[in-house]
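Look at the two complexes coming up: subunit A is in both, with subunit B in one and subunit C in the other.
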Partner chain A sequence: MMDIAISAKHISKVFGQVRVLDDVAFELRRGEVLCLAGENGCGKSTLIKIINGVYTPEAGAEFQFGDDKVSGVTPHDARHRGIHVIWQDLALFPHLTVAENIVFDDYVASPLRPLSRKKAHDEARRIIGKIGADLDPDMLVEDLSIAKRQLVAICRVMRAEAKIIFMDEPTASLTAREVKALLDIARTLSAQGISIVFVSHRLSEVLDVCQRVTVLRNGKLVGTYPTEGMTQARLSELMTGRELTQEPRAAGKVGELLLELQGLSRTGEFEDVSLKLHRGEILGLAGLLGAGRTELAHVIFGMHAPSSGRMFKDGKPLALSSNRDAVAAGIAYVSEDRLNLGLVQNQSINMNTAATVLPELEAPRFFLSPKRIRQLTADWIARLQTKVSNAELPVSSLSGGNQQRVVLAKWLATKPDVLILDCPTVGVDVGAKQGIFTIIRDLADQGMSIILISDEAGELWYNSDRILLLRDGRLVEEARPSDIKEEELEGMINA
Partner chain B sequence: MPNIRLGTEGVLALLILALCILLGFTTDTFLSLQNLFDLLNNQSVNIIFAVGLVVVLIAGGIDISFAVAASVVQYVVLTLLMPIGGGNWFFGIALAMACGAVLGLFNAFLIHQFRIVSIIATIGTFNLYFGLLMYFTGGVSIYDIPDWLYDAVPLVALPAERGTATLYLPVAVMIVMSLLTWFILARTGFGRAVYGYGSSPEAALRSGVRAWQIQAFAYGWLGLCAGVAGLMQAHIVQEAVPNALNGQELPILASVVLGGATLGGGRGTVIGAILGVLLLAVVQNGLNLMGVTPYAFQMIVGFIILVAITASNLGKILPGKARAREV
Partner chain C sequence: MASDSTKTVSSALSPKQIGGDAIELMVMALLLAASIALFSFMAPGFLSTGNFSSMALQLPELAILSLAMFVPIISGGLNLSVTFTANIAGLTTAWLVKGALVSAGFASLPLAIAAGLAAGGLSGFMIGVIVAYVGAHPILVTLGAMIFLRGLGEFLTRGGDISGMPEAFLAIGNSAFLGIPMPMLIFLVAAGVLAYIMQFTRAGFAIHMIGSNLKATEYSGINVKKVTIILYTLSGVLAGLAGMIMLARFNSVRVGHGESYLLITILACFMAGANPFGGFGRVLPLVLGLMSLQVIASGMNLMGASQHLATAVWGAFLIAVMIVRAPFLKKT
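Take a look at the complex of A and B:
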């Protein structure tokens, strides 16, 4: 039996009328790597905040830290016991050096003591060595990749003598190789007796390093399971509470050739890409982050000019000098960055839906017709079954899955016949993902051609008719889901 | 890229050096000891303002009320001291610092307590301070100033081509204020916390940095520097004119930005701020000596600022791939 690092029992929390957490128990062992899984809004963050003393739980909660039994925690208490959270935003100082970031707590603790740069540097070196990371203490944090910034954040909490580290969605924006490096560090820390809790949506890689997984659903504890023998499908089921009927798309009726690329290149991004897209086809574009997937999409959408190669649509040469030309040619592109590029967050659902087709909504000329905008939005809300209480509300009031439907509506309103989807399920719950894919499959069945870019091999495997693999800017392989297994595809991507 | 290694300060220093050499060849007076000393004497006030302002910019704020605050300090100090016999240097500087700090703290109070964006808050206090000053003085200058303030205090006098070249007290005060500011920013934990707060307020708050302390220090310190600068300005011109400093805030802001500070916070150094002021001063001085009409100054200064800012941003725009893409 391993030592208990944290044991919390009977944790409940009520916000207003809503019971966010209902009698949840949480146990973390010393030196363990645990995964805390659950859909958005299941109460994961609330639980972390209660354990860290940010929120006070309802009466009846019991906490045990090591051998200490207490009935409540304050933030100071939690820090004192070595409990630290690395939130997704990392909370680093981009204009300071790595070393200064790592020793920043000293600046706050002793604001008057003149400090030596050398000491800060040496101290940073020591911590970096301890976690076995590859970091230059003198680099500015703003010049580091997200993955390295994450390591800096880990160094910071290690400096503060962390014994228990919660990491909120640490793998969300990392490439497979970076995730591996992060997980290696997690193993190193765990070997030093430090307990780590990963909070994650993306489960495949985390399952690999975690010993156990605790699943929450709608504020209730579903259970804690050993990861040994746990599959992603089973875990999704536990998280959503329903069996997801994921079946590969029936290979079938693909129409005539619609879009063709011949030897398309863009210097420094991708090279000699030739592909054919047919009517009603879902073409998966696989590859690691940085393999050139998004860059290729940008060229097909006219945002960047190719340095060589040709594009044809309906057999005619396609020359795009801007994405406006692309829209006119019936091409639409849904960006992976829904938050910043896909939607104007503080504008209404109506305005966001209408953004791509404003000229068509003018009545008679120059003056936008609010009525037509509302009609258009209502129409798309109905067609995509978006859950919207009032389309005048800012789009930021919607959940990730529903926001993604608004983005889709906005682009479908341009009546494209080629739809490029760049990671359409980033930040979307397991349950809501299924809804998005149902929409995508229906669109293809109605004859739309779709290029689907995704980080998740499973998504591509289940939803594509054909998958092309990009590696370092080149198309290296083509596969049909009917011919290979999901695991084989995963292996090909990470090879 | 050599630019990155040199940093903004290095590039500015090189630029100033190049200009000095150029002016040394094209004019026969620029490299004279007298001219260089005059340059320092004349710029000491601007530099004191600039080292105060850089603190506010590093903390992620902006202040445009400091120059009129300095005028207010001149009037308050003189009005308080004249009836009690004029006081002395020690008393005068202490009073100017205190008075300036209070005006700066008022900005900090508005910005922190009422969450007013700093540019709006200080546009407000700029008008308020200037309005109060004009209202109560009726626009009348003070010519009757204490002897200690009236008499020039030479520090270094060296024989030069025509008579002597002299450095006066304001230069020493400027050096002291610069060193103090540099020490606080670069050598204390609190100073690094100011950078941290400017770089990411949220991260700083989560690390236990108290926002009000940072704001109070930044605006208070600028106010204090402005008070000192105001007193020095009155000392140099031997009078207090209510609108003498009005309009100085933007060129000084431009110099500090030229010196590497940004309106986004987290960036900037004392050295950079000083070099920024000096660059513009050397340009102006050189143009003057070359006989260029003063009406062209502002145009040329504006041009330099735009070129400098564009050039420093080009480094970020051009080699997009080469930068920060290591895995």
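Take a look at the complex of A and C:
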């Protein structure tokens, strides 16, 4: 029998009227890498918080840590037993160095005693070596990529002698290469007897590194399964409770040339990009974070000026001095950063939907009609089947998939003929992803031209008519899904 | 999925977000009613017409300055130069009336007033341009503007004052229409116009949006630089309007007049529920809140309390409002 690190049984939690967790059991073995999978709102975070003592479960819960059987946990207990959570925001201090962040607990333990810089540095070195990460202890955390920051967070819990580490969506904003590095570290830790729980909804990596996967759905335990022999399709099915079939996009009938870029460059970002986009075409733009994909989108959307090269739309030269010119020219851009750029999170769903088309909602002049705003929003909610209980609520109250529908609505309201989608399914549930792509395909069928930017091979392969590969700021390859396999595309992107 | 989405909605549902406006209004209305009730009971003569018209005469300076502060606060900024902008606007008008335009006869007053408001607007415009194009924080820019305007005004007036405005101008301060003193009418009209701008125009919409997230607003294709310039210009014009009323009421203008109102205008906005981080807040609760402040000042005055004590009570009142409001804004 395997060593048990944590076993929790009969875990339930009720918030107000809602039963968030219903008699869930959770078991983690020592040195295991486990995945906790499920759609947004399935109760994953609540379960983690209960195991860490943040929330108290309903009566009847049983916990076992190693050989200790207890009926409850406090946050202090959890720490004491070496249980740590790395939340998605990482909770690091951006203005401190890597070393200072790693030994931060020492500052807290004895705030008045000055800590030698050298000692901090050496200690950080030791920890970094232990997990086998590539980090410079003297760098400021704010100068690091998200991936490296994550490693700093891991070092910090390792410094606190973590035996069990929960990682909340650790791969959500990493490139495929960075994910690999993170997974390697997970294996290193696991070999040292440390248990790791990944909370994730990116499926391929889950199957890759985890030994078992525990699936929750609507607050109930679906089951815990070995990952050997598990397919992505099967796992999606377990998470969503329904079968998701993906059909590759039928080789479409694309129309005439609509948008053309000739030798477009922006110093330090991308170089000599030439491409043609036709009416009704979904053009996949494959590339990793940092390949220049978002930068290119920003230039086409008029946010930044190119340093050289030309753009044509309908055969006429495009000169964009701001994104307002781009919108007027029928170009819309769905940002990859929904949280900071795509939506004004605190403001209402109504206001977010209307923001792009204010002049049309103004009638008579100098009267912005609240009724027209509500009508516009209601129309788009119906057309995109967004789940909204009240459009006066802040858009942040919606799930990722529904937020993305609001972003789509606000841009579709401008009646664009070119729609640039920058990683449109980041932070969107498996089930909701499908819905987003159904919308995108319908739009293309109605004649809209779409540039789909992504680093997920499956997403591109299934939904594009043609795929261009962007690497280090240059277009290096062009392929049609009908000519290559999905796996080949995956290899090309991550090469 | 259905249960999922309802859950996310209900957990994020708070009065601030859904019924927030109604609650702010209710809190402010209750406070106004309570303070009126309290002082009609305690202060002799509080319920007299004379007292009400004197309150209506005193309130507008602070109140219009608060409107000038309100606009940038909604945009996530601040305008620390409102009081000195009011002084500069007053100076401009006073100079023109007594100097350059003295021979313009009948037209001189409207022209001088327009020039005073334009001076206020110009000050706001410059602030807006700097905030929009340099990207410096509004607190720094307007603090700089405040010190600049004060220095400029003191230099030009050599620290003295300009007084002796013509009768026709003083009428702004001491005439009444339908029994309501002119300054109060001007304030109510200004508040009404501002409420309309904030609620029913593209500019108002955009001011709320940039208050919550300037970058995302810009990505939505809204000209955020233009909006920033408009909103500070609007703030400057309102400050200029307050300057006109001060000039008319005191028949003189001196740099530094009304300086003590500055922090009170900021607090009044927060008291009325404007979000200190921008994006949310309404004009009507602000109007009611300001009226409560005036009721307290006048009531205490009638009770023979020192004016300094009244200021202390204002401070206590502002803090009390924050405490009273807190439970309403907790998550349900």
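Just a few scattered comments:
The criterion applied here is as follows: the second predicted complex is superposed on the first by the 491 of 495 C-alpha atoms of A that agree within 3 Å, B and C clash if a C-alpha of one lies under 4 Å from a C-alpha of the other, contacts with A are read in each partner's own complex, and residues count from 1 in each chain.
Basically, a contact is a pair of C-beta atoms (placed from the backbone, for glycine too) under 8 Å apart; a residue touches a chain by one contact, two chains touch by 3 or more.
It should be emphasised that the depicted structure is a prediction, and the values quoted were computed from it without experimental measurement.
Three-chain overlay on subunit A, with subunit B and subunit C fitting side by side and no clash. Look at A:Ser454: by the touch rule set out above, it reaches neither subunit B nor subunit C. Contacts of A:Leu343 after superposition: subunit C is touched, whereas subunit B is not reached.
With both structures placed on the common chain, the touch criterion links A:Thr46 to neither subunit B nor subunit C. By the touch criterion defined above, A:Ser397 reaches subunit C but does not reach subunit B. Shared-chain residue A:Leu112: touches subunit B; no touch with subunit C. Of the two partner chains placed by the overlay, only subunit B lies in contact with A:Phe104; subunit C stays clear of it.
Between subunit B and subunit C, C touches the greater number of residues of subunit A. Legend: residue contacts after superposition of the two complexes on their common chain; A:His95 is shown touching subunit B, with no touch to subunit C. Within the superposed three-chain model, A:Gln150 lies out of touch with both subunit B and subunit C [touch as defined at top].
With the two structures brought together on chain A, the opening angle seen from the C-alpha centre of subunit A toward subunit B and subunit C is 40°, to the nearest 10. Aligning both complexes on chain A leaves subunit B and subunit C separated at their closest CA atoms by 7 Å. Judged by the document's definition of touching, no subunit A residue lies at the interface with subunit B and also at the interface with subunit C.
Here subunit A touches subunit C in the complex through residues 15-16, 18, 20, 39-42, 218, 303, 322-324, 326-327, 333, 335, 340-347, 351, 354-356, 358-359, 362, 366-370, 387, 389-390, 392-394, 396-399, 402, 410, 414, 431, going by the rule given at the top.
Interface residues of subunit C, counted against subunit A in their complex, comprise 1-13, 17-18, 199-202, 204-206, 208-209, 212-213, 215-223, 279-280. By the touch criterion stated above, subunit B contacts subunit A in their complex at residues 183, 187-190, 192-193, 195-196, 198-200, 202-204, 206-209, 265-267, 321, 323-327.
The touching residues of subunit A, when paired with subunit B in their complex, are 89-96, 100, 104-115, 142-145, 147-148, 175, 177-178, 268, 290.
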